[in-house]
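Please read through the structure below; I'll follow up with questions.
Letters A, B, C and D name the chains as they come in the text, with residue numbers starting at 1 for each one.
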Amino acid sequence: MAPYHNEKPNTSAKWKVKAFQIIFEADTFWGKFFDVGLLLAIVLSVLAVVLETVSSLKTKYGDLFLTLEYIFTGLFLIEYILRIVIVAKPRNYIKSFFGIVDLLSILPSLIGIFFLGAQSMMIIRSLRLLRIFRIFKLTQYLGEASQLSRAMIASKNKIIIFMATVFILVSILGAVMYLVEPPESGFTNIPKSIYWAIVTLTTVGYGDIAPITPLGQSIASLVMILGYGIIAVPTGIVTSEMNQQRLMKMSKSCPNCATSQHMENAQYCYSCGSKLK
Amino acid sequence: MAPYHNEKPNTSAKWKVKAFQIIFEADTFWGKFFDVGLLLAIVLSVLAVVLETVSSLKTKYGDLFLTLEYIFTGLFLIEYILRIVIVAKPRNYIKSFFGIVDLLSILPSLIGIFFLGAQSMMIIRSLRLLRIFRIFKLTQYLGEASQLSRAMIASKNKIIIFMATVFILVSILGAVMYLVEPPESGFTNIPKSIYWAIVTLTTVGYGDIAPITPLGQSIASLVMILGYGIIAVPTGIVTSEMNQQRLMKMSKSCPNCATSQHMENAQYCYSCGSKLK
Amino acid sequence: MAPYHNEKPNTSAKWKVKAFQIIFEADTFWGKFFDVGLLLAIVLSVLAVVLETVSSLKTKYGDLFLTLEYIFTGLFLIEYILRIVIVAKPRNYIKSFFGIVDLLSILPSLIGIFFLGAQSMMIIRSLRLLRIFRIFKLTQYLGEASQLSRAMIASKNKIIIFMATVFILVSILGAVMYLVEPPESGFTNIPKSIYWAIVTLTTVGYGDIAPITPLGQSIASLVMILGYGIIAVPTGIVTSEMNQQRLMKMSKSCPNCATSQHMENAQYCYSCGSKLK
Amino acid sequence: MAPYHNEKPNTSAKWKVKAFQIIFEADTFWGKFFDVGLLLAIVLSVLAVVLETVSSLKTKYGDLFLTLEYIFTGLFLIEYILRIVIVAKPRNYIKSFFGIVDLLSILPSLIGIFFLGAQSMMIIRSLRLLRIFRIFKLTQYLGEASQLSRAMIASKNKIIIFMATVFILVSILGAVMYLVEPPESGFTNIPKSIYWAIVTLTTVGYGDIAPITPLGQSIASLVMILGYGIIAVPTGIVTSEMNQQRLMKMSKSCPNCATSQHMENAQYCYSCGSKLK
């Protein structure tokens, strides 16, 4: 996520060192000021993209949206070029996660300005939102986020098993409902029935497709109770993993064999038996 | 929440001490009687506000509602003035959480009586409901509530990260669905699509907006399974935090053998039998 | 729940002892046979009551339902009289939970047979279902059930706090939505708006009432995310309590002071310090 | 699930040993190649069955679907025969879980080819999906899956109690709503009302049946809050069980100081530093 956080500015020229501190770091006043300003610009630019799709607003403020588009694209372009100029290994930055996100968030607007048709690139333009993550890396939240994602990664295998089971389940349930229910109730083919099974099992329940026969409603009832029950499984997985992560949180390191993640009250290394400091 | 619970009455005049005991404390019979009566008055006054909006009831019992309004406003006004008179530092009370709530719960009715138009102040009038919390501070529930809110506060950072991720997710999903689905299915603009994404991800599923194209339904299925999965995250956070809170309640250490995690009410070490301090 | 499980038959007459063993106990072959038969009768009688309300079935099998009604009422009446005759303290049985349930499950049918109009007593007749609990007390499930309910009782205060908070929340949200949304979208009065808030916060989401204004949809989005988040609270409470119950499950008793619920690995009583066996 | 994993090929003939390694094992390159190919064939054959039900696709690609049907049935038939020929105890394989699934996944297609009418056997044909489980047994996921299912089995009794309680609850609630609501709102008989109660309690909320009277909506609100609350119970059960499973994985005891709960891969006691057995 942050493969260039140990980077150094690419020169000792005073303005570059200064700019590096402001743009890449957050320890100085102007560094923080830049980060907050960037966050605001990101949120506002995304908001403009989002609100532009509301036809009543577009009719009224169409010119404003276009102007904002130009301004934000310009700002982000300047920021992107500055980052490349300032950093010691531009290639590393360009290929990093944030480098790609930064490029993607200006590219469609740039193309749109010259070729007209930005409309169809709205998805890519909404990638700007990803840039918000940039701010997180500078705060105390990173530790929490990595703890959350570590819990996720640790329970990855269990989650895959669970997802596979759910997928097989909804496929079979979808096929059953397709045979049981008449097409009038919306179960016109198996893919649609599987869609219904997912809508029901996850307790979303739109109601656009709903069983009307007694047998169909009985099966649906079973599906719901099943869904109600198995929601406990991912919850159990993640909670249990988080408890574990918390246990391991202290992460004393063994001075002898460098094994980390000892339990909170550990006195000796569980791997080599030497005394922990 | 209770910044004046160490307050003393502002005089040694006998009736003021007595009134202070009744209104601010709950140890005496009349103190408890006052609290229960206040709770009843609060619930009834809120109920009157709520039922007044049912047009069939308003037509029938309009005068009754008006009378109740006068009575409750009068009662709460008297209570408010009494509290100010009795307490030693009225300014502290007025600026405290409950002081503001007490004022807000009579102000709109008072203004409404003189200016007519209380209708538009219904929200503020419904703030009366907040007064119910007043009762809690006098009971054994406070400890539990503070334990709950401590667990919440401790997991604040994790919850913010989670919320931010959810918000970014629904924004991107909303933008994608806006492009995928035709306007006929209700995805007329991105804000509405984001609204749909939230309705779906949280498994609420009104069905007022629902995808109709196969591609849209496939993406929707992914969103649902995602929502079904990530509901585990806040649950895991809070549960893990509560386990921790409980563990911290068990943090006495034995002075003899250093065993920790004794139960709250433990008198002797369960491991070596020596007396705990 | 089982205030007469230490009861003895009221005589040494051989048939009464035998009948007592069959009806009240489950250790013998016929005792188990009776229990399973009773369970079947209960389920079938409830099923008859339920299916009788389906008009197409009633037209076809109306006489069958009436006959079953007579038969089951007769059987349960005989069982009820037998229990009174056999048990040593009939008054205790009649006043016990199961005694009242047993009476309630035959009374409406009896009255219906003589006075015609059993229709309106369907709720009471559906109380028969409660009798199914009777079977549970004879099995190994009771231990599990009491563990579940102990976890519930232990977290009672926390749950009350939580429920009160939810109730205050939906009231305020209901009032806000009533003011924000036009009556056309279904928010015609505050009680209905509160109903909507509950439907949304609990992620049920019928869609019979749904916001149509942008502001209403924004508030609704907040409510959903809130509901999605606070579902973690009861889960956290119950899970944390169950972990605790599991810790306490061993329930060694102190031979000196009779304190129970020591931790699994406890060597000494935490209350009096004497050695546990 | 895998009662023949210790099987040996039924001969020392070179091609049979080779074929056994490829079909039953996954250690060699061709063994893995076969498994991945089989997985692909399973997924594709199921996809064909599923997509064939979409009428627009069937009209267009009807012949393709029929051809795929022939090809996959042929492939699975060859695989089935090969497995019987190669394995040492064919009877054990045929009677095993996977043996039955393998047979069921080709039988309907075979019959359909000769008798025409495969349409009505779609459910059995969708059993092919079950074969996907075959792949899992060859991977590291098995350990996780068995841990998940062990947690499920361990909490079986609690889950039965919970399910029984939920079932009794929805039956009573269904009966109550049937009496309270007029037939116009969809509560035309008790089975349908029970269906509604399940839809509501599990927070699915289709909205095809929804209360319209104030009393009905009040009861519905209670049901929702109840459902919102008791979803915590299965979650609590499973989570608590998973914590236990994890704890049991940490059940080595130190031979020197008797400290328990060492991590799975611990070599030395974390408390006294002595070597664990």
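Everything that follows uses one rule, which is that contacts are C-beta pairs under 8 Å (C-beta built on N, C-alpha and C of every residue); 3 or more make two chains touch, one makes a residue touch a chain.
Because the structure is predicted, anything quoted here is derived from the model rather than measured.
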{"item": "Which listed pair, B-D, B-C or A-C, duplicates the contacts of A-B in over half of its pairs", "value": "B-C"}
{"item": "Same-residue or different-residue interface between chain C and chain D, half as cut-off", "value": "different"}
{"item": "Pair of chains joined by more contacts [C-beta pairs], A-C or A-D", "value": "A-D"}
{"item": "Chain whose mean Cα position lies farthest from chain A", "value": "C"}
{"item": "Chain A-chain D separation of Cα centroids, rounded to whole Å", "value": "29"}
{"item": "Chain centre separation (chain A, chain C; CA means) in Å", "value": "42"}
{"item": "In chain B, residues with contacts to at least two other chains", "value": "191, 194, 203-207, 231, 235, 237, 239, 243"}
{"item": "Chain A contact footprint on chain C (complex, rising order)", "value": "203-207, 235, 239"}
{"item": "Touching residues on chain C, where the partner in the complex is chain B", "value": "157-158, 160-162, 164, 168, 171-172, 174-176, 178-179, 188-191, 194, 200, 203-207, 210, 214, 217-218, 220-221, 224-225, 227-229, 231-233, 235-237, 239-240, 243-244, 262-263, 265-275"}
{"item": "Interface residues, chain B side, partner chain C - complex", "value": "46, 49-51, 53-55, 120, 122-123, 126-127, 129-130, 132-133, 136, 140-141, 144-145, 147-148, 151, 159, 163, 166, 191-192, 194-195, 198-199, 201-208, 231, 234-235, 237-239, 241-243, 246, 262-263, 265-275"}
